[in-house]
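One chain, chain A, links the two complexes that follow: it is found with chain B in the first and with chain C in the second.
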Partner chain A sequence: MSGDFWFDTILGLVLLTLALATVRAQQLAAAVMIFVVFGLILAVAWARLGAADLALAEAAIGAGLTGALLFSALARQAKAESAPVSKSSSRSSWLVLLLSLMLTGILCFSLWWVPLQPEHHLMPLALEHLANSGTEHPVTAVLLNFRAWDTLLELIVLLLALMGARLVSSPMLQTPQRWPLASQWSKRLAPLLILVAFFVLWRGATAPGGAFQAGALLAAAAVVLRLNHQLPPLHWRYGWVRLIVLSGVLAFVVAGIASALLQYQPALLIHWLEWPLWLAKPLILFIELCATLAIGLTLTLLVVGEPEELSS
Partner chain B sequence: MSSIVWYLWIGAGIWGIGLYGFMRGPELLRRIISLNLMGAGVFMVMVALAARTEPTDGVLHALVLTGLVVAVSATAFALALLARLLAAKP
Partner chain C sequence: MNYALAAVLLPLLAALLALGWRRYAAWVSWGGTILSLLCAIVALQQVLSDGPQQMLLGNWPTGLAIRWQLSELTALLLLLTTVIHSLVASYSLTSLRRLQVAADFWPLSSLLQMSLSALWLSTDLFNWYVTLELLGLVAVAMVTLSGNKSVAAALRYLLLSLAGSLCYLLGVALLYGQFGVLDVAELATRMPASESHMTTFALVLMTAGLMLKGALWPLHLWLPAAHAVAPAPVSALLSALVVKGPLFILWMLWSQLATVELSHAAAGFFLFAGSMALLTGGWSALRTPYAKVMVAYSTVAQLGYALLAIGLALRSADPAFQLALWLFIIAHALAKTSAFLAVGEMQHSLGGKRVQMLKGASQTMPVAMFALAVAGGSLIGLPPSGGFLAKWQLLLPLWPEWQLWLWLLVIFLGTLLSAAYVFRLVVLAFDRADPVKPDFAPQLLPQWLALVPALLVWGLAFGSHSFVHWLGG
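Right after this comes the complex of A and B.
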């Protein structure tokens, strides 16, 4: 038995245990904390599976920002003082367990038949044209060139989530008074996070990294600063806030129109979001920069909101 | 590469535990967390599927990356709805 085998085995069992503990924890606070730990261990598992991009994103988004969101929801829950929850009967709880086990069993059975050496006809073709995509990292190429539509729609989903959250938002919780240790810590952490974010963005062209990871890191920095009252409130009425939130989608649309116009030839079909070869790199960089700022600010607003305006 | 199958099963297991938590509850916040667990299980399956080829499949990675951001924004929206619900309760 090699070390790899044991590492994989233990990692998998730890993940399952943490997931079960999240669901079964007596107290919600414990469930949230265990979920954050689960996210971090999941990032390790993904790094193990050769997905460094995703490990970075999961650590920043899945564990970090979702954790912050859940903790603020937890504080609200405690304030509302849990309404009496109906105790489900033991019979229905057995039924739920049985149903989940059955579905998981079916899923495991069907996953057993997945071919382990898939035949990809398109992959060699895509890798061949990687040099023409304007970036050397396959994941960035897929996100911003080969399947740019996905990324554009995703930025729109992010925008819609922010709109929805703003529509239903309730008054923000009063964040507690400054805690000297936390504010000192955030002062040192934030510049580092911003630096790392832009490094990750720049590296995205050739290695794991890119707009999503960088945006999440920026958001993390902004959330830490905001929670420690070291950043002024981000009001929606400020023009620059709206502009940055919209900038991801705008950059995409502008780049799409510009490249369509540049490639225009009569009698030639123009494909939307198809970059001209010589302009691919700067266009992708431009979109990534705007998308990073948009993702960063949108996630920040989703996590910490804008207190003053909401209470009025 | 049997470790791929192992990770595929771990993904299915996480999904199943999430489903159990989602149906069992009882708190709404726990149901939202469980939905996130289900999502994590699906992502795990996709990451394991991407690891079958050398180099790893960039399309699946890109889809998971997109999914992570969509999941966090959907969670934020769900939590905003939850906060509104708690505020509306007498």
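Right after this comes the complex of A and C.
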């Protein structure tokens, strides 16, 4: 038995234990905390499987942002139940158990049938066309060139999440009093986070990284600053806030229309989302930059947006 | 194809502009819809003259790119979406000032139109997932437009919709792991040849997810609460359009990817689910005391016809069943738009949510009541409405084969139930002895706009020949 084997076994066991602990936790706050740890360990598992992009996304979004969102939701709970306890009747928990067992059965069964090395019909094709995609990293090429339409729609999904959250008025988030240690800490942390965010964005062209991860890091910086009252309120009625939130989708559409016009030939199909070869890299960078800012601000508003900030 | 692309992009641009320029949101969104309506008409015309077209987004080779397909069917569905959205948008222009969050309605409804149009055109399993996700989120956000009272229904809708999405996504992942492609046409060449438990599992998972999202029996329980609590134009959009997207994908999956034996087995289930939807949905519509809930349950029942048509079309090679499916979708969309707009208008003016508020409505709000009755006529299937055309296509091939007479009986019972719940309203409306007094003076223009889709669905009879021709009947 090699060291790798033991590492993976322990990793798997820790994941299972954490998952169980999340479900079984008596207090919601504890459950959320364990869930964040679960996300981090899951990121390690993705890294072990060689999926560095997924590991980064899981750490930034699955563990970091989801955790922050859950905590801000907890903080907005009515003060009456100051220590929210997870309640569930025994009947519904049996139903949940049954459904989960069924799902687990299906997944185990499919593991049996899925070939361990799936036939990647598209992998050679993607690698063959990588040189014409304007980026050297296959994941980025798929996200922003081969299947750019999917990514454009996913950005709209994020926009919709914000629009939906705005419509549901929630009670004020009780931010703590100024706490000297926290505000000093956030002053040191924020520039570092911004630097790392743009590094992750820039690296996305050649290696794992990209707009979603970078946006999540930016959002983390903004949330910490906002919670320490070091950032002014971001009101939805400010034109620039809306412009930045929309900028990801806008950049995509503008780039699509511009490259369609550049390659326009009468009587032929419009080249929708086909970047011209010489312009592909700058266009992808432009889209990624705008998307990073948009994702960062959207996530910030989702986590710390006050009702009067979100309403118009 | 260029015009179809424009019909997808115009509402997206309109939504972005409406979010930026909040003051002109209504006009920008309405203008985008009208322009996309023109584009959809031209797209249909082009398909009819030049035949089906396809477009590989980004011009990458098949497999790498997402493929869009514009056939007679998708062009017709695209046109239906833009027609319904432009009608609802025109209605909302005249009546939405009453709503507090009107400015948020416009970008959301434009995004709804965009995501559904993108869904019709796409032929890619993963892209379908993304459009389904968009459609679900936009629908939930629009349900919350009616304020805090709708949060519970919206949250239930959101959670179930996410569960449905995950089921579908798991199925897509299983298929991708096995075949390594996402394009439906490519999969169709590989999948039926190598049928295994895996593909069956994947198809079952995807079907469960789609049935949950499409509110098909027995996974329909979230629909009445969510559709009834939303503002009238939103209910119209949800009932007429949103539930049709998953239905379309369901049909594409089973007709293209499944083997013959498997699809026969599934057809049995669809027939059963469709019959149950017709009977239980119709019964609940008859029994509920609330007007909007009644219209929402009628959607559950009418989707039963679509399921029946899917089941019969999978079993038999007769193209009439397929034709019936699409005619049902078109007729139901138009009739339901009219019904929800009319009921919403009457609820607003007469006050109250109960069916009883319609007492004497033929006197106090004759135009809206006429719209509701005319739309109800198509839901029952009175000739020569669109509902009748669809039912006729379904019935004709059933007659000669006595083994299928069970479904004849089911359709008959379903028709009786729908006639019962429609006439319940009509009888109340003609009870003029002591009519419910309107709280406000009824506005005439919104009532007439609510009538337009109902007239369109009756007008389908004039175009029946071309519909049959286009849809390959």
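Following the convention adopted for this analysis, the second predicted complex is superposed on the first by the 282 of 312 C-alpha atoms of A that agree within 3 Å, B and C clash if a C-alpha of one lies under 4 Å from a C-alpha of the other, contacts with A are read in each partner's own complex, and residues count from 1 in each chain.
In this section, contacts are C-beta pairs under 8 Å (C-beta built on N, C-alpha and C of every residue); 3 or more make two chains touch, one makes a residue touch a chain.
What you see is a predicted model, and the numbers here were worked out from it, not measured in a lab.
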{"item": "Which superposed partner A:Ala291 touches (first chain B, second chain C, both, neither)", "value": "neither"}
{"item": "Contacts of A:Leu227 with chain B and chain C, given as first, second, both or neither", "value": "neither"}
{"item": "Partner chain(s) touched by A:Val114 [first = chain B, second = chain C, both, neither]", "value": "both"}
{"item": "First (chain B), second (chain C), both or neither touched by A:Leu16", "value": "first"}
{"item": "Which superposed partner A:Leu302 touches (first chain B, second chain C, both, neither)", "value": "first"}
{"item": "Touched partner set for A:Leu125, first chain B, second chain C, both or neither", "value": "second"}
{"item": "Partner chain(s) touched by A:Val253 [first = chain B, second = chain C, both, neither]", "value": "second"}
{"item": "First, second, both or neither for A:Ala280, with chain B first and chain C second", "value": "neither"}
{"item": "Partner chain in contact with A:Val168 - chain B first, chain C second, else both or neither", "value": "both"}
{"item": "When both partners are placed on the shared chain, which of chain B and chain C touches more of chain A", "value": "B"}
{"item": "Residues of chain A at both interfaces, chain B in one complex, chain C in the other", "value": "114, 118, 120, 126, 146-147, 150, 154, 157, 161, 164, 168-169"}
{"item": "Residue numbers on chain B that touch chain A, as the complex places them", "value": "1, 3-21, 23-27, 29-30, 32-34, 36-37, 40, 43-45, 47-53, 55-59, 61-66, 68-77, 79-84, 86-87, 89"}
{"item": "Chain C-touching residues of chain A, taken from the complex the two chains share", "value": "106, 109-110, 113-115, 118-122, 125-126, 129, 145-150, 153-154, 156-157, 160-161, 163-164, 166-169, 239, 242-243, 246, 249-250, 253, 269-275, 312"}
{"item": "Chain A-touching residues of chain C, taken from the complex the two chains share", "value": "1-2, 5, 9, 12-13, 16, 19-20, 22, 55, 57-61, 63-66, 101, 103-104, 107-108, 111, 115, 118, 126-127, 130-131, 133-134, 137-138, 140-141, 144-145, 148, 151, 154, 174, 176-181, 196-198, 201, 205"}
{"item": "Of chain A, residues touching chain B in the complex", "value": "4-5, 8-9, 12, 15-16, 19-20, 22-23, 28, 31-32, 35, 38-39, 42, 45-46, 49-51, 53-54, 57-58, 61-62, 65-66, 69-70, 72-74, 76-77, 79-80, 82-83, 85-88, 93, 96-97, 99-101, 103-104, 107-108, 111-112, 114, 116-118, 120, 123, 126-127, 138-139, 141-143, 146-147, 150-151, 154, 157-158, 161-162, 164-165, 168-171, 210, 212, 295, 298-299, 302-303"}
